[in-house]
Amino acid sequence: MAFSPFDSPMFSQLYGDTEVRALFTDSADVRAMLLVEGSLANVQGEMGIIPLESALYIHRSSMEVQIDPAGLAGGMGSAGVPVPALVDAFRKAMEAPEHAQYIHWGATSQDIVDTALILRLRQYLGILDRRLEALIATLTTKAKENRDVVMAARTRSQMSTPTTFGAKIATWVTPLKRHRTRLSELRERLLVVSLAGASGNYAALGSQGREVEAALAKALKLSVAETPWHNARDGLAEFASVLSMITGSLGKIGQDLMLLSQNEIAEVSAGAGGGSSTMPHKANPVSAEVLVTMAQHNANQIGQMHQALVHTNERDGVTWALERLVLPQMCIAGGVALLHAQTLAETLKADPERMLANIIATNGQMMAEAAMFALAEYMPRPEAQALVKACSQTAARTGQNLREVLVGNTDAAVDWDDVFNPANAVGLAGEIVDTL
Amino acid sequence: MAFSPFDSPMFSQLYGDTEVRALFTDSADVRAMLLVEGSLANVQGEMGIIPLESALYIHRSSMEVQIDPAGLAGGMGSAGVPVPALVDAFRKAMEAPEHAQYIHWGATSQDIVDTALILRLRQYLGILDRRLEALIATLTTKAKENRDVVMAARTRSQMSTPTTFGAKIATWVTPLKRHRTRLSELRERLLVVSLAGASGNYAALGSQGREVEAALAKALKLSVAETPWHNARDGLAEFASVLSMITGSLGKIGQDLMLLSQNEIAEVSAGAGGGSSTMPHKANPVSAEVLVTMAQHNANQIGQMHQALVHTNERDGVTWALERLVLPQMCIAGGVALLHAQTLAETLKADPERMLANIIATNGQMMAEAAMFALAEYMPRPEAQALVKACSQTAARTGQNLREVLVGNTDAAVDWDDVFNPANAVGLAGEIVDTL
Amino acid sequence: MAFSPFDSPMFSQLYGDTEVRALFTDSADVRAMLLVEGSLANVQGEMGIIPLESALYIHRSSMEVQIDPAGLAGGMGSAGVPVPALVDAFRKAMEAPEHAQYIHWGATSQDIVDTALILRLRQYLGILDRRLEALIATLTTKAKENRDVVMAARTRSQMSTPTTFGAKIATWVTPLKRHRTRLSELRERLLVVSLAGASGNYAALGSQGREVEAALAKALKLSVAETPWHNARDGLAEFASVLSMITGSLGKIGQDLMLLSQNEIAEVSAGAGGGSSTMPHKANPVSAEVLVTMAQHNANQIGQMHQALVHTNERDGVTWALERLVLPQMCIAGGVALLHAQTLAETLKADPERMLANIIATNGQMMAEAAMFALAEYMPRPEAQALVKACSQTAARTGQNLREVLVGNTDAAVDWDDVFNPANAVGLAGEIVDTL
Amino acid sequence: MAFSPFDSPMFSQLYGDTEVRALFTDSADVRAMLLVEGSLANVQGEMGIIPLESALYIHRSSMEVQIDPAGLAGGMGSAGVPVPALVDAFRKAMEAPEHAQYIHWGATSQDIVDTALILRLRQYLGILDRRLEALIATLTTKAKENRDVVMAARTRSQMSTPTTFGAKIATWVTPLKRHRTRLSELRERLLVVSLAGASGNYAALGSQGREVEAALAKALKLSVAETPWHNARDGLAEFASVLSMITGSLGKIGQDLMLLSQNEIAEVSAGAGGGSSTMPHKANPVSAEVLVTMAQHNANQIGQMHQALVHTNERDGVTWALERLVLPQMCIAGGVALLHAQTLAETLKADPERMLANIIATNGQMMAEAAMFALAEYMPRPEAQALVKACSQTAARTGQNLREVLVGNTDAAVDWDDVFNPANAVGLAGEIVDTL
């Protein structure tokens, strides 16, 4: 069983996440649907809509009954939705037809499936938030530890000017903080009960429909949407979008780590490093690769969640299935990425000497901007720019250090020691870290 | 010039939006970049970082200078970014080298391009919000007007049970309301200035970097991000996601309209209807098609904005370009969809007689659920369900009306007139409208 | 274990495909990798590269050894690829270190994984082609059976002019025929062995590298690529593209079936129809929904396979993983779609009376084009067009039949019986069927 | 006018392609549609379907008439398709109503638009093929020139073992050759005329429909599809897929160039290198960035073309528009990528000394595999592997050269000079080049 590596035992230690997996098994799905059916009966019993005794019986049974998900496959196959088979199996298992008739009273299949999904997404939101919090804490510590560790910034794949490793880490952290804010903002929009019945107007619940809905929401600690959401899937699309954004921000960390751990750069190490069978010196950046992979994967899946917004009429079997095909996978991809990110963060280690060596290896070229700004105090900036550019080209051609060439081409009283000290050219990198 | 129909004069009345277009012309881009450069000089002059006289000169010139965007093509081609050529052209146009040297002081090209984009996205946010507000108002009016207009609900492409057109419209409206909330929540995260310089640490601005940034933000009425966002693109990805969600929710309206205006259903009309050259009776649902098209299109583009989150190191020329290739198109797609949606909303017209006729044409089958609930007061629900199902199948086979078959198969004292009156089977459809 | 519904027992009768599943289990993967390792040893033994006795021992063991895929999870987790752990497990299981040392001689992990994938894709190609052939045969029969069954064509969601159901089915068939051609064309490009070693230049195989590759290819009945394809993934991208196109063409069939089986149209039935728990009259088009769902899903996944073409340097852990995350799912989606399509095709049934009734219900409007062409023999075509358009509008306004209105507005000697007989207005629909 | 940078004068030298642009202007579209209308009249005249004089008049006029595309905007807006307005404008411009009435005889708008697109795609296919041929030639020359230039291979972002630059270039070339084959294979499937009329059954053309179609195809030098293809879009989806694959393969070249031109690697240069306003030493890899950008962009667009396969019933206004929104942009992206790729290929220059220096900088670690194979002649391979791994770790820890450590830990009579000469460890890299 491995069309998805996420569902493969063989891939479980690479793409596995025990905690998230527990939310998305068939059993967890069935368990959550039973919880919804049981709670629904309970509130309907309390409201006198169904006999109290039946309600209590159903509710208790819903917690005790054992229903094999695989046993629902036939019903799922013929109906395209598991609830009719689940309700049948539940009724049979109760062995009390006088009570069992009140199961699923006034609900439609989609109400049960959607609410059961939301219950598990609530748990998932908790996992996300807790992991993000931990990751932010770890990375913040790392940023502070590396506050003044000077390294080359790199823009458009080229070395630009000096910065610090702390400042780099800081720009990894702040998107994650914003993602936590986003998750808290979408929470109430996402965590809503569904109970509007076949055509989304509570017809089968009688005049008390909205009260039952409110009571079920209260029982399940969910909110109530302004209008039924069978065909208004923006809550799910929004959640999936933020989830993909989280994975994307982690992918950026992974990509940076891959680039910085290239043998020729070798400024940063993180994670264990996967061995090669025939190249003992290699340390493949397995976890960093996973971050980028999950980011690209979720970025590819997110479109399908947006397409599912075109949910036709009152309920739509196609767009609903489109969600089902990608959302659980997006959740595991996000979970896996966070696990790997945490490991990488905890083991993140800079090599300050190598960082400095890489800067020095540019023969002073990386300090060109600093030199230009220093010279601009003695001449118009365009002139300074032109002078530095010419010297930079000469240096590159002759293999000389830029400093030497500059000294030979200007008598401006620049403090060259100061200019060519990378630590003096990192701007407010330290302050950036301090804002965390 | 029409690789994109959005940029084609020939398509301009189908996919055009004059107001949005004005924000995304090359001229608007250049104008916004000059505004940023001029404002930057101004605040730097006030802070004493550059000579005040030069600052004022630059600032004034930035508002007056005429720079032909096409003239920047060469520089854009060689640098992959328009700013160096723009700065050159601006300097030349000023004809005052002693002042011109202070243009672009301490900034990097990406600062200018990004801030100029944000300024225009702010205007676009205003357009979005205003149009959403108007659309919500129009649709709410239509929902109230059609509060009690009975029609068939349709689920999984089949007629289910009665509902009202008002309730259907209501479920179109509430996602739009939530989108306005989302836009207001993301506003401050999106509308941030960029001024962190080449490597994202303000190095070229000296120790006052963050003060200059704050002053520029104030001048432009933007916010300041916690850390520089050259490589943290979550604000843009979030905005694009909500934009695609808006387009998706409009696509759902369009798809419903297309389905409901099929000749065989013909319950709703909206918009002008495109004529056919050879089939004079046809009224192609041109505007509704546009809504679905824009929804699917933006759902396809959104992934690219998420991929752009994997923005490597301090600045990344590839992922930055990925944004540039899709974001303006997504904005126009959203704008166009809102224009067509407004037209459709204003001309939206139900045909209540046809709606009723379509229900009646089902020979009572649509009232099966209502019959079952009515019978369930006289027998256990599963029994009622089985009875109705059997009668329903008999009716379908014989062509009889379900009511007749039921009456012939039970002597339960059901008020059949009541049960088979569709208006009695719409549940809380009216109340759903009343919540708007 | 159900992040993907394709891997869920509960969904197995909806999204299941026993035959395809057998190719993509962890066990099948391990088995295929062992087959590659065993065959490699065999050809290397025959060529004298490794001791013949060891080769034979390895080859025999590769067919007999039992390796639990779950036992490879640890190695997979640390290396990001299963082969090192597999080779270790294989060596241990052989209990003959003197021979075991020659396992995996000169290969790199990716060689084994890729070749093992190709072997299974070859089986999958066979399944695809066989199912396409059967589906084409069934649909061709249905097209011929319905050659002259008149129905309304529908364009841009509106009824246009008459056609036949046979002609409609014919346009479902010909893309499938083209897909078979495409599969046969890509076959040799896809079914290639990989054996180029760590850096893609056969270095570990010595000077006989290409001979070993050729011999392994022969043993496995595969082809040899012109140059090693570790980092040239166009064969896989092409295959996935055609697979997605197949699923797309089936989605078109499913969408047509959903539209034609709407209660208000009800011209076609196919498949069993999923029941509703509370609406006994409904027959949800479960299988047709699956066709559309799979089409949209694969259309969403295909982009990831194309992104994986940007496979960096000699081998790339990220883009390689991107393929792994979507290709098996695309294969099952295609397989599932073909299974449902076959069922739908076999049970496809037109309702010719209803088809005619739907045409008649347009009050002659559908024959407007035919009327115009008939009139054009008596007046210039634009004049005929204008006359028909005017009469068509009158008819629509007054509820009259278009024929009546026309007769009252022209004395052209048109044979109106002939013109208003839909069967006379289907053009070459019959001939279209005959080309199949 | 710049929602798409492809349509922006300001971006024209970065994302411009004069030759491709000429095919996709509004004018080119109108011109091609007129060509179809004119040719249609011509063949209908020859067949006696319309008066020969009118046919000749229409045909001649179609080549002479000047129709302003912008003037069609109104008609396009109301019909969602430009043809009715075009036909009107053409008729008016002809000033000969007696002939003008025969324009567009028996065709539907989609016939004209689709055939006009195909005519331009034929020209585009020619451009693609010619450019691919030139690029293959240039890269083959470069591969041969660099046949024996030793460099480090890199796998999973780490240095692996030596290879040659020639072998690397060779793996860039062979996918391009396969793409040419693919283009030639799809050619006949793509280049087909459309003339099946409103409902796809030639009804308006009378019994001679297929003959007219064949004659028009002959006149336009196109093929005829087995059945009408209004709703069978696999030809376009296939073409777009191969186009995206071409762009993807070019993206791989671009990504390799970006990685190899990082300052810390600096083994390869190509293209001009975009300057930075404040960092004179930088040479941003502008053209290489464009290759990756276009690859990712087309990979993102391709899904929309596949979704458009779910083209409902006889003709579908939504999916048709989905194609229109992305296909021209994909064509320009492919064209632009080929232009930049050619420039990069022509200026591609290796730095063999730096390549060697980078290998040497690994302190012999890159030769570990070679050492292991050498030692495996003196001991079982697992033992050799273990020895090398231990020595490699020692070397890494102590900073010694691997060779020294090995010599100190074994007395196997290995020819270490030979083993540690990278040129001896490139396997069949040269032969790989020779296959081109």
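List of remarks:
By letter and in written order, the chains are A, B, C and D; residue numbering begins at 1 in each of them.
Criterion: a residue touches a chain if its C-beta (ideal position, glycine included) is under 8 Å from a C-beta of that chain, and two chains touch if they have at least 3 such contacts.
Nothing here was measured: the structure is a model prediction, and the numbers come from that model.
Counting only chains that touch, the fewest steps needed to get from chain B to chain D is 1. The chain pair with more C-beta contacts between its two chains, of A-D and A-C, is A-C. Chain C and chain D, compared by their mean Cα positions, are separated by 23 Å.
For the pair chain A and chain C, the distance between mean C-alpha positions equals 31 Å. Those residues of chain D in touch with two or more other chains are numbered 80, 154-157, 160-161, 198, 204, 258-259, 274, 276-279, 284-285, 289, 292, 296, 300, 303-304, 307, 317, 369.
Chain B makes touch with chain D in their complex at residues 1-14, 16, 21, 24-26, 29-30, 69-70, 72-74, 76-84, 87, 104, 108-109, 198, 204, 258, 272, 274-279, 284-286, 289-290, 292-293, 296-297, 300-301, 303-304, 307, 317-318, 321-322, 324-326, 328-329, 331-332. On the side of chain B, the complex with chain C involves touching residues 154-161, 258-259, 261-265, 274, 276-285, 289, 303, 358, 361-362, 365-366, 368-369, 372, 385, 388-389, 392-393, 396, 402. Across the complex, chain D meets chain C through its residues 80, 91, 97-98, 100-102, 105, 153-157, 160-164, 167-168, 170-171, 173-175, 177-179, 181-182, 185, 189, 197-207, 209-210, 225-232, 234-235, 237-238, 241-242, 244-245, 248-249, 251-252, 254-256, 259, 292, 295-296, 298-300, 302-304, 306-307, 309-317, 369-370, 373, 380-382, 425-429, 431-432, 435-436.
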